[in-house]
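Next come the structures, one after another.
Paired with subunit B in one complex and with subunit C in the other, subunit A is shared by the two complexes that follow.
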Partner chain A sequence: MAFAAALRDAAKATAVAFGLFVVMVGLRTDVGPTGALFLRTRWPEVAMLCAAIFAARLAMGLWVMPRFMKAAGSSMSGPLARIGTFFGMGLLVVAVILPAIPGIERGQIDLAILVLTYIMLGWGLNIVVGLAGLLDLGYVAFYAVGAYSYALLAQYFGLSFWVCLPLAGILAAFWGILLGFPVLRLRGDYLAIVTLAFGEIIRIILLNWVDLTGGPNGISGIPRPTFFGLPFNMSGDPGTFAHFFGLEPSPTHRVVFLYYLILCLALLTNWVTIRIRRQPIGRAWEALREDEVACRALGINVTTTKLTAFALGAMFGGFAGAFFATRQAFISPESFTFIESAMILAIVVLGGLGSQLGVAVAAIVMIGGFELFRDLGEWRMLVFGAAMVVIMVLRPRGLVGSRTPTVALGRKRAIGAEFVGEGRG
Partner chain B sequence: MAYALQQLINGVSLGMIYGLIAVGYTMVYGIIGMINFAHGDIFMIGAFIALTAMVMLVSGGLMEGPAAILLVLAISMTFTALYGWTVERIAYRPLRGSFRLAPLISAIGMSIVLQNFVQVSQGARVKPLEPQLPGGIELMREGTFVVQLSYMQMLIIVSTLTVLAIFTWLVTRTPLGRAMRACEQDRKMASLLGIDTDRTISLTFVIGASLAAVAGTLYLLRYGVIDFYIGFLAGVKAFTAAVLGGIGSLPGAVLGGLLIGLIETFWSAYFSVQYKDVAAFSILAITLIFMPTGLLGRQEVEKV
Partner chain C sequence: MTAAAPMLEVQDLRTFYGAVEALKGVSLHVDRGEIVTLIGANGAGKSTLLMSLCGDPRARSGRVLLEGEDITAMPTHQIIRRGVAQSPEGRRIFPRMTVLENLIMGAQAMGHDPAPELERVFALFPRLNERQAQRGGTLSGGEQQMLAIGRALMSKPRLLLLDEPSLGLAPLIARQIFAAIKALNESEGLTVLLVEQNANQALRLAHRGYVLVTGRITMSGTGAELLARPEIRDAYLGGGH
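Showing the complex of A and B:
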């Protein structure tokens, strides 16, 4: 009986799949030698896809679904919550000793730098979305402001990275307030679309203001960071990092230095967030997320609360941007598209809104996994998007399903993520 | 004067395409309260299906002219509707009743999937299609400048108005439309009263996708070049239009689409082409600052 039902279900799925693929896969238009389009047919591929869908759906109906139903009763969030603290500590230890682990090469450290950049951006956005509950779809704008601040200040005024880093953060925070101010009255999806619009506006301006930003060609030759004034280079001359410490000049030094730099910046973001959650302003953010009307009634200044969330989140985005610029030594508007914002938001939501550990895990899974599937070529993004859908469908509240409330009556303990509000702003 | 008139015609025909896509956004938003980020890519799929059908009909020598265009529209609407249905079934239905950001992320994932699916299956290169309906009517002549209403623009305006008329009839006069409006007001209550809400939501996606398919077909015929990436910008613009008009309001979506189309066209004609998107987005931001729920949106009343 169950078999017949599963068979019927699989047949239906196959019919739908046939409809989906018959035109888009079965027929392909290509530009011919004369410039006109001609059609190619690929019926075997369609048949194979349909067969695959049939088999997958049948297998799901017969084996996976019944088991999944059974498992759905027991909560999956328990184990990770219990081992969460240890897991987080373990991750931190691994992160600190990573460059010293035997067998780790330059490529892997580069990947770790990328992952840490996204962790930092995720933590920064987590302040805005996870704590204050303001849906921001244009976070990449602040990343861009940070990157361009450093690049332009270095190019026009010759300022060093260490001077520009705080400046980039301050400028990004300033832009956060500037963009945050007009949208204070907006709620929910209206806020989302306006932040998206701001992100696009900043990108278009960077793209078209050729005199200042170099337009689509971007800015190249951005100075690399120095180790407190000691540059990293291969010459081994006096005054370089390698000479000062009596080391053999090696390109790895700079990569390791950049790695520790972003690790420190990310940990700073995390530390500030954790500390500030206990301050009145952090509590006000979370209260705002839970209920804005109640906040107003209790005399919380909603304007400053929202603006500080925007500004602080933007500031960390700006730091990350300045780091990105110095690491790449080249930036262009290409790096600051909407898909980048979507990626950071996806990391925050997939990890679990408001959960610091979740953001880190999600960034490792998403960015690390994305690099792992490098061999897939053009299929890589397809798999990436599908993974986003699957994770969301299976775990709507993110990978880490529990939260620890900042304030608790009596003993503090983890609660399920579904008890935490998501904000309407 | 003549120049402005020509821009008005261009702006209206562009705005109608945005309006058609925006209706899909606003319908889905009204009924399940989520931003369907994949809708722009549904529009792109519609354009691709139309391209394939067009090449098959015309280069196969089966049909030509208006009859071919009508058939292409029908094919594109049918298959695109299937995509709309599938996207809802896979990515949104399991998340029904979940918290607000989960469907948003799965919609972004779905948008990435659709874009890259088309890139893999149809190739990344732009596809040019030779004009199918050349020529037009000369409306006015001022010196050497000729104001022209091309047959293509007429087709866009006429077919958009027809589709919207059918759509309005569907929403206001049929049992399905009543069910949709009921679900929009209160989904739980509607299901208690015997409305199959899942089916109604599925049909909403089907209708939204077919409207996007019409937009995609018209876009293909008007501009003649498409690639797998057109959905993103068109989607963002259409969503902007929906929000500008007041999200959830169907006439608002069309009005917003027209406004965005006109702003873009006039800005490119009189100021600069590069900053036309900045103009559209700035108008959106300014409008929302003064009217936080859009032009025709209902003021949300919050019960405490």
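Showing the complex of A and C:
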């Protein structure tokens, strides 16, 4: 009976919620009047939240899901895609208004910047791994190339961030092609190992070329970005951002500006990827992922197809790197270790190879969750390892495993109107 | 290029896998508008020959001429763009892409508008039209074979290379596939080089045939001639075909 099933489902959701809320909401440490911490419990709130979740999940199980099921008929891809669109739009709206939400503190915007950086890196790597199917374990190399490009160009030639940003992307793309050439014939495990080595080579060069890069000391004093030439600082002098707009000088301005900068860069990555997926080259990437032999038999130039994927993926990694350098004002090879590559790859795989929304959700969950559970200390890694295993068991293709077709007759009319209305199964 | 040049001429082609000689000097020709079949047992080098025509793997010696033009040393994608289409062994469709995307991929390297070709393919295989939004991997074996042939046709080929289109198909479905190949040849004059283990049906369909044994052509003749030969009957048609 449908009601019993919905009830069971709601009970399960409530159990999960209870498990989460007991620690997240139920227990709270506050600073007492003497400065000592004391533990406060908030059980009524937990109960209320659990009740709300039970009611909402039950309502969903009884009314919303059956309608979607009916609308879907045999295939679930339509409504799922629609839910995905709504969800994506919702995320975007939240992202755009985030700094303006009352009660948001600087630390939270900083965390959001970090999450967005990983979303952008995930989307960049998604081009290489998700679309073209080339397993790249050294993606952080391009992140490093971008960061060091900006840092060095600024240090030695005094170039500004806005000049260096495209240069960092171009240089990273160039290194992407350099990596691409030797690995053209490799696939799977072998490709992974060579890209892994490439990532390490870049890091070790940065570490040892002390004259140029400062070696393990890194590069400090990297110029911060300006708002179209208006610097952010606390002096309130004429010609600063705060003075120009008649605002009280505040360190938050720069953080908010950085936030919107990385949001724009990430959205650019997303937009380009979505556009290119519908272009012949994007389809060729996906076909390459599916079957390389078939691609060759169809006359696809596999060499250029692979190299463009490497170059474009690397370019976005380079942009993100330049952003990282200007945000931190200090970079060292320590920021570009293998664990970063692994993290980005985990985001892409957990999100669902090739899925833009999935990557964004996975980045939020992984990076956001990672920071949220900082108090767990060394248990954090264990929790995340377990969470990853659970996700992969439950959803082997990642959080968003479905793939939207890039052409369809009738709906987009990409081919011509003459097929519209013919039996489309 | 002369008018008399055959669609495809292969002269003394030798291909190696490492030190192993897979093709030991194969010569054959396919005239315009012909269906020519190449039959042989497992490991005879049939698929290697088809792949060598497209330069993947590249032949070590010998020549491949397409309407008199030497394509032996061309990169694979250039050969395909010259009007050679290959439907590879084992179908090799793109499983997670839709039927329509698979077909579009076939025309992609050529850069022409896929719409007219799409119409032709859908007319030839109406089943593909019904299933165009479905993922390739969810099709039945016969439908996947239709898709593989349709995808090859999308490039408007002069010469269609088919590698074992009946592989793993029920006899009834295989007959449908062969009927479609015959229809293509008769209505549009498409030249086909067909590699098959299913010698009986292939020889009935083809104008001419060659028999490949361990990298060498051992016999050739019209389809009817080869079908009548006792050694062919014993070697390839025995056992319930």
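Keep this in mind: the second predicted complex is superposed on the first by the 325 of 425 C-alpha atoms of A that agree within 3 Å, B and C clash if a C-alpha of one lies under 4 Å from a C-alpha of the other, contacts with A are read in each partner's own complex, and residues count from 1 in each chain.
The rule is short, and it goes like this: a residue touches a chain if its C-beta (ideal position, glycine included) is under 8 Å from a C-beta of that chain, and two chains touch if they have at least 3 such contacts.
Please read all numbers here as calculations on a predicted model, not as lab measurements.
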| item | value |
| --- | --- |
| Partner chain(s) touched by A:I205 [first = subunit B, second = subunit C, both, neither] | first |
| Partner chain(s) touched by A:A284 [first = subunit B, second = subunit C, both, neither] | second |
| Dominant toucher of subunit A (residue count), subunit B or subunit C | B |
| Which superposed partner A:T406 touches (first subunit B, second subunit C, both, neither) | second |
| Touching partner for A:L350 - first (subunit B), second (subunit C), both, neither | first |
| Which superposed partner A:V293 touches (first subunit B, second subunit C, both, neither) | both |
| Touching partner for A:V272 - first (subunit B), second (subunit C), both, neither | neither |
| Common ground on subunit A, meaning residues reached by subunit C in one complex and by subunit B in the other | 293-294, 418, 422 |
| Subunit B residues within the subunit A interface of the complex | 29, 35, 45, 48-49, 51-53, 55-56, 59, 75, 79, 82-83, 85-86, 90-91, 94-95, 98-106, 108-113, 115-125, 127-130, 232, 236, 239-240, 243, 247, 274-275, 277-278, 281-282, 284-285, 288-289, 292-294, 300, 302, 304 |
| Interface residues, subunit A side, partner subunit C - complex | 280, 283-284, 286-287, 290-291, 293-302, 403, 405-409, 415-416, 418-419, 422-425 |
| Subunit B-touching residues of subunit A, taken from the complex the two chains share | 16, 19-20, 22-25, 27-31, 35-39, 129, 135, 182-183, 185-190, 192-194, 196-198, 200-201, 204-205, 207-208, 293-294, 338-339, 342, 345-346, 349-350, 353, 378-379, 381-382, 384-389, 392-393, 396-397, 418, 422 |
| Of subunit C, residues touching subunit A in the complex | 54, 56, 75-77, 79-81, 86-88, 92-98, 100-101, 104-106, 108-110, 114-115, 118-119, 122, 129-134, 151-152, 155 |
